[in-house]
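What follows is a set of structures for review.
Here come two complexes built around chain A, the first alongside chain B, the second alongside chain C.
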Partner chain A sequence: MFLPRLVIRNLSRHKRRVFITALIIAFAILVYIMIEGLMMGLTEISFANIINLDSGHLQITDRNYFADRDELPLKNLLTPTREIEEQIEATAGLEAYTRRLDFSVNLNNGIDELPVKGVGIDPGKDPAVFDLEKHLISGRMPTAGSREIIMGARLADLMDFEIGDYGIMLIRTAEQTFNTIDGEIVGLFNTPHPSLNDSTVFIPLSTAQASLNLGDQISHYVLRMEERQRGITAVEDLNPALNDPLRAYSWRSTSENLIYMLELQQIETQIVLAIILTIAAVGIVNTVILSALERMEELGMMKAMGMREKEIVHIFMGEAAGIGLIGGIMGLIMGAIGLYIFNHYGIDMSTLAGGGEITYGFPVSGTIYAGWSIASFVFVFSYGLFVSILASIFPALWAARKDPIKAIYHR
Partner chain B sequence: MALVKLISLEKIYQQGKIAVPALRGIDMEIESGEFTTIFGPSGSGKTTLLNMIGCLDKSTSGEIIFAGNSINQLSRNELADIRRYNLGFIFQSYNLIPVLTAFENVEFAIRLIDKHSKKDRRDKVMHILNEVGLGDMAYRKPNELSGGQKQRVAVARALIKEPKLVLADEPTANLDSETSEEVLQIMKKMNEELNTTFIFSTHDPQVMEYAKRLVEIKDGRITKDQRRD
Partner chain C sequence: MKFLINIALKNMFRNKLRTFVSVLAIAFAVIVIVFARGLIDGMIESSYSMYIHYDTGHIKIMDQEYEQKQRLLSLAYTVDGIANKSLSEMENELLKLEGIEMVIPRVKFGAAVSTEEELVQMMAWGVDGQKELKFTNLERELVEGRMVSSGNREVVMGTELLRRIDKNVGERVTMVFNTAYSSFQGATFDIVGRIESNLPLLNKDLVFMPIDTARHLLYLEEESTELLLVTDDRDKAINYLPAVKNYLSANEGERYLAQEWREGSSFIQLLQVGERIYNFIYIFLLLLASIVVINTMVMIVNERTQEIGMMSALGLKKKDILKLFILEGGAMAVIGSFIGSIAGGTLTYFLSDIGINYGTAIEDMDILMTTIIYPNFKLEHLIFGFSLGIVITSLTAIIPAYRAANMDPTEALRDI
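Let's turn to the complex of A and B:
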């Protein structure tokens, strides 16, 4: 217990220097916690938006369709059968399911035309799977069999549409012939999923199928499970039972672009952390060298008293660990306060985008809140401590290997 | 058997291309319990000789035998162990650790050999601090002590582990004559009570008066070696 006591006393010699070095580490930890919190918040909200408004927990579709789904093709569609639906209904943890048909549309207001995504929905079943109805800001959902449509308020604003107006939907059927749907706008929504607000029009499924000459074909089934994780595990239950080329895809598979983006963001976060901690490491190296120079005669005396180089290295490493510990604790406290403020007030994405609707590719708009985890706190604290100790090794070795005579007669 | 035996000891410092001899063939034996003073003009090689005996520096040639064992071929860690268990040092500039109290500075030396219980350690430290007259100042830090008091702490630190040999490099150089007298009395007492061997290097005639053996060194050679009763 003597060396720890000596280490603590040594740290008290130059409180301001120790505080400033610790503050750099604390700042690195704060930045990491805030970025990580933002990323966790974005991730959580992004997945929630995708699941609740776009993909559900699980989809069943033709595997060939799934590969090309972003192009909204009208081939490799699936024809609903009682057998498939019995398999769906037998899935453990199922809450509800619905059918959907995605297709390509050119939306026309008589003056301008805009390419958007059309989605045929089953008005009876869709609200049990998706939250779209909750985000209606005016009007109502379309009724089954009607030529009623709903769209994002932002898209309506862009196209000068109001409730009661007719939007002309120019579509190309499976046989590549052109057709139009004069859809009466009966509802406007504003969801936290920006691409839904900007570029999606919802129409009753049967109307879409008839207009596209698709019979009762759909692009996919969407399932809502009791919990998010069940969407991943149910894929393994369903796939063996489904006839090829049908396949089940979890929300993770349908969000692969987002997941890839999040992984890149994670690397970015690590790089930022590494850069700031490198600056902190330079501070530690500087502190240890200054301490050694100031205490050269003491070091010489310690060596004369028979202290081994390893023990002297331990003293300096202990001091660096102490600085890392102080910085770590300060950083965690600052990070916790930062996250509390972040969660209390949230961050308006439009503020980040300078008032616009840019979402940096995330399916998120409006106010976001931070996420946090104990693991992230433990990781960054341990990492800060590790970097502090690591940074001290070479200057500590340098100090410990000083010739005792030169050290004693330093002045 | 001599505690320390020096055989044809030479030390040459290399300053750029110039070889500067500091010791030119020293032969000397020091018996246990001796109170020896090495004196001579500045640059004569006193401190170099003390550093050689103290296992702080290596000779260019010749041999040092400490307690029957040659130390020439020992590694840095082995030399550190000899210093740790067998040697005590007292320097002109005290070299106390400023963040530790007088008690802790003395305790530090005994901690390194770590063979005492907490209570024993405490009793031993307080005993030696009382012996050097600092029992009531045990919890003062070095900046709260006078020069003489600091040197007494350094003496206590050197003696606490009951070393075979104490090396003191100009221990009274920073002290006034009255304080020097007190510190020398303490060391003399320890020499008599514990049979600790002392080797001083000094210019100070006051120190020489206390010595049982006077060794004069000039230009790296022993020019006089006189034992006194």
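Let's turn to the complex of A and C:
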């Protein structure tokens, strides 16, 4: 118990110095927690939006289709069979499933034309899987078998459409012939998923299939599971059961780009943390050197009285750990307060974008809230502590190796 | 003063290790600042020039209605002359205005190519090939073939777009589009060039064709969807804007909108806010680094309490003691900032050739930014980091120096 007591006493000799050095570490932790919290919030909301509005927890589709899915092709579609549906129904943790058909549409308002994505939905089953209905701001969902369509309020605004208007949808069938659907707009939605609002039109599945001359083919099944994690585990259960070209894809594989972007963001956060902590490390080195210089005579005396070099090194490392601890605790408290303020007010995505409509590719709009994670608190706290101790080793060795006689003779 | 400088320098060398660590802290912060500034400058510069080249020009003239509907690529709201003058007369008159060096007409419309499997959507631009080459960086990106020349039915496309429609330079392609009268038509073009660019827009969405061909096919003779004005200096564009606006309103051109490049995109405005925010981040970083210097200085002051007492007893004024310590802190700041700016500059210089690849992360964003960002090496950034380092560190050195200066000589002398 002798060394720890010595460490604590030494730390309290220069309270101000200890405090401001700890402050650097505290700032590093604060910045990390804030950025990480914001990113976590953004991630969480992004995935929630993608799952609830775009990809569901799990998709079953032809693997050749999946590779080209962004181009909305009409080949490699799948024909629903009882067998596939029985397999889907047998999946553990399934809540609901639906069929969808994605196709490419040129939406025409009589003057201008805009390429958008058309999605054929099963009006009976779709609401059990997707949240679209909750985001309707006016009108209603299309009814099965009708030529009714719904679209984002922003898209309607751009094309001067109102509820009750007819949107002419120019499509190309699987046989390369052109066809049109006169869709009556019966509902407008405003979802938190920007690309859905800007460029997607929903139409009853049977109408889409008939107009595209596709029989009962669909592009994919979408499954909703009891919870998100199930979507990933169910892929492994489903894949061996499905016949070859068909595959199951979880929400993670359908949002590869987003995941890549988040990883990149993660690296950037780490770089910021590393920069601030490097400055903190220099601060720690400086503090240890300063206290060693100040205590030269004391150290000489201790060594003369039989204290070993190792113990002196431990004292200084202990002091650095103390500073790291103080800084860490300050940083965690500051970070928690900061996150609390974040979450109390929320951040409007448009302020981050300078009032514009830019979302940096994140499928998020409106107000976002930061996420909390004990793991990131623990990580950054131990990281700060580790860096403090590591930084102190060399100056501590330097101090401990001083010759006792010279040290006492310091002045 | 010379005397004080001498003492300050001599004092610095009393404990070299201590000085070295403080200098190191400042140097590191300055390295980060110089490099970060270079990187951000590189990013912002490239975004600005992308927006200017492929969206806004220095000043953009278009129909008021068109501004809201740019995404639609509508042909219903065109620039088709002013008062009773035709478009080419209007262009000539604009060219006579002060500072305007070039008037670039563009006709933008939506087109599609039908392949066996799908209908590939693209954005077609009717352009004046020579003017585009002069104004944009297309020449460097045109990796195969040549730019379109007027009068011919020919197109230049991006590499990714060519891959999607499965064609090569030298082959022919049939495109379908809607004319200004909303009739659906098709035309066949020779592919005469291929563009390979870091900018996703150029690589996978755009197809260039001669403007007269586009006008002819769309029934838009003497019309453009927009006019881009190029001035002699983009920073002066804001000064030339009033003359352009005057010209428009003097010729009954109220339906036209003249926009400076900065207003054209919310992303540019965002970058400008970002630039300012980053300057605060730099200051914050240096403040953290100068904590190390403050620590050192506090210790120095403590160590030399007796010395200070003696000096003030011998007649050195408070002001001089203050100066002495600020000079000592300042000297550390100068050395640290110098080393930092040189090292940061070297780092930026090397990376400015290699670039930092953001890969596909940017492709999905609805902004014009290249996927590889080249930090911009400029002496300006070195000087910025150097001066900011000196100013901030010297300012923070005032705190301990003030403490030293305010010591009572009798008390200080007695301190052991």
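In the analysis below, the second predicted complex is superposed on the first by the 411 of 411 C-alpha atoms of A that agree within 3 Å, B and C clash if a C-alpha of one lies under 4 Å from a C-alpha of the other, contacts with A are read in each partner's own complex, and residues count from 1 in each chain.
In this section, contacts are C-beta pairs under 8 Å (C-beta built on N, C-alpha and C of every residue); 3 or more make two chains touch, one makes a residue touch a chain.
All values derive from a computational prediction rather than experimental measurement.
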| item | value |
| --- | --- |
| Chain A as common anchor, with chain B and chain C clashing or fitting | fit |
| Touch count on chain A, higher of chain B and chain C | C |
| Touching partner for A:P404 - first (chain B), second (chain C), both, neither | first |
| Touched partner set for A:F394, first chain B, second chain C, both or neither | neither |
| First, second, both or neither for A:G300, with chain B first and chain C second | first |
| Touching partner for A:Y345 - first (chain B), second (chain C), both, neither | neither |
| Which of chain B and chain C A:R9 touches, first, second, both or neither | first |
| Touching partner for A:N286 - first (chain B), second (chain C), both, neither | second |
| Touched partner set for A:R308, first chain B, second chain C, both or neither | first |
| Touched partner set for A:F386, first chain B, second chain C, both or neither | neither |
| Smallest separation in angstrom, by C-alpha atoms, between chain B and chain C in the superposition | 9 |
| Of chain A, residues touching chain C in the complex | 16-17, 20-21, 23-24, 27, 71-75, 104, 106, 110-115, 158-159, 172, 176, 257, 260-261, 264, 275-276, 278-280, 282-283, 285-287, 289-290, 293-294, 353-361 |
| Residue ranges of chain C in contact with chain A within the complex | 15, 17-18, 21-22, 24-25, 28-29, 32, 68-69, 71-76, 110, 112, 114, 116-121, 164, 178, 182, 265-267, 269-270, 273, 285, 288-289, 291-292, 294-296, 298-299, 302-303, 358-367 |
| Interface residues, chain B side, partner chain A - complex | 51, 54, 56-57, 76-77, 80-85, 87, 89, 91, 93, 95, 97-100, 104, 107-109, 111-112, 157 |
| For the chain A and chain B complex, residues of the former touching the latter | 2, 5-6, 9-10, 12-13, 297-298, 300-301, 303-309, 404-405, 408, 411 |
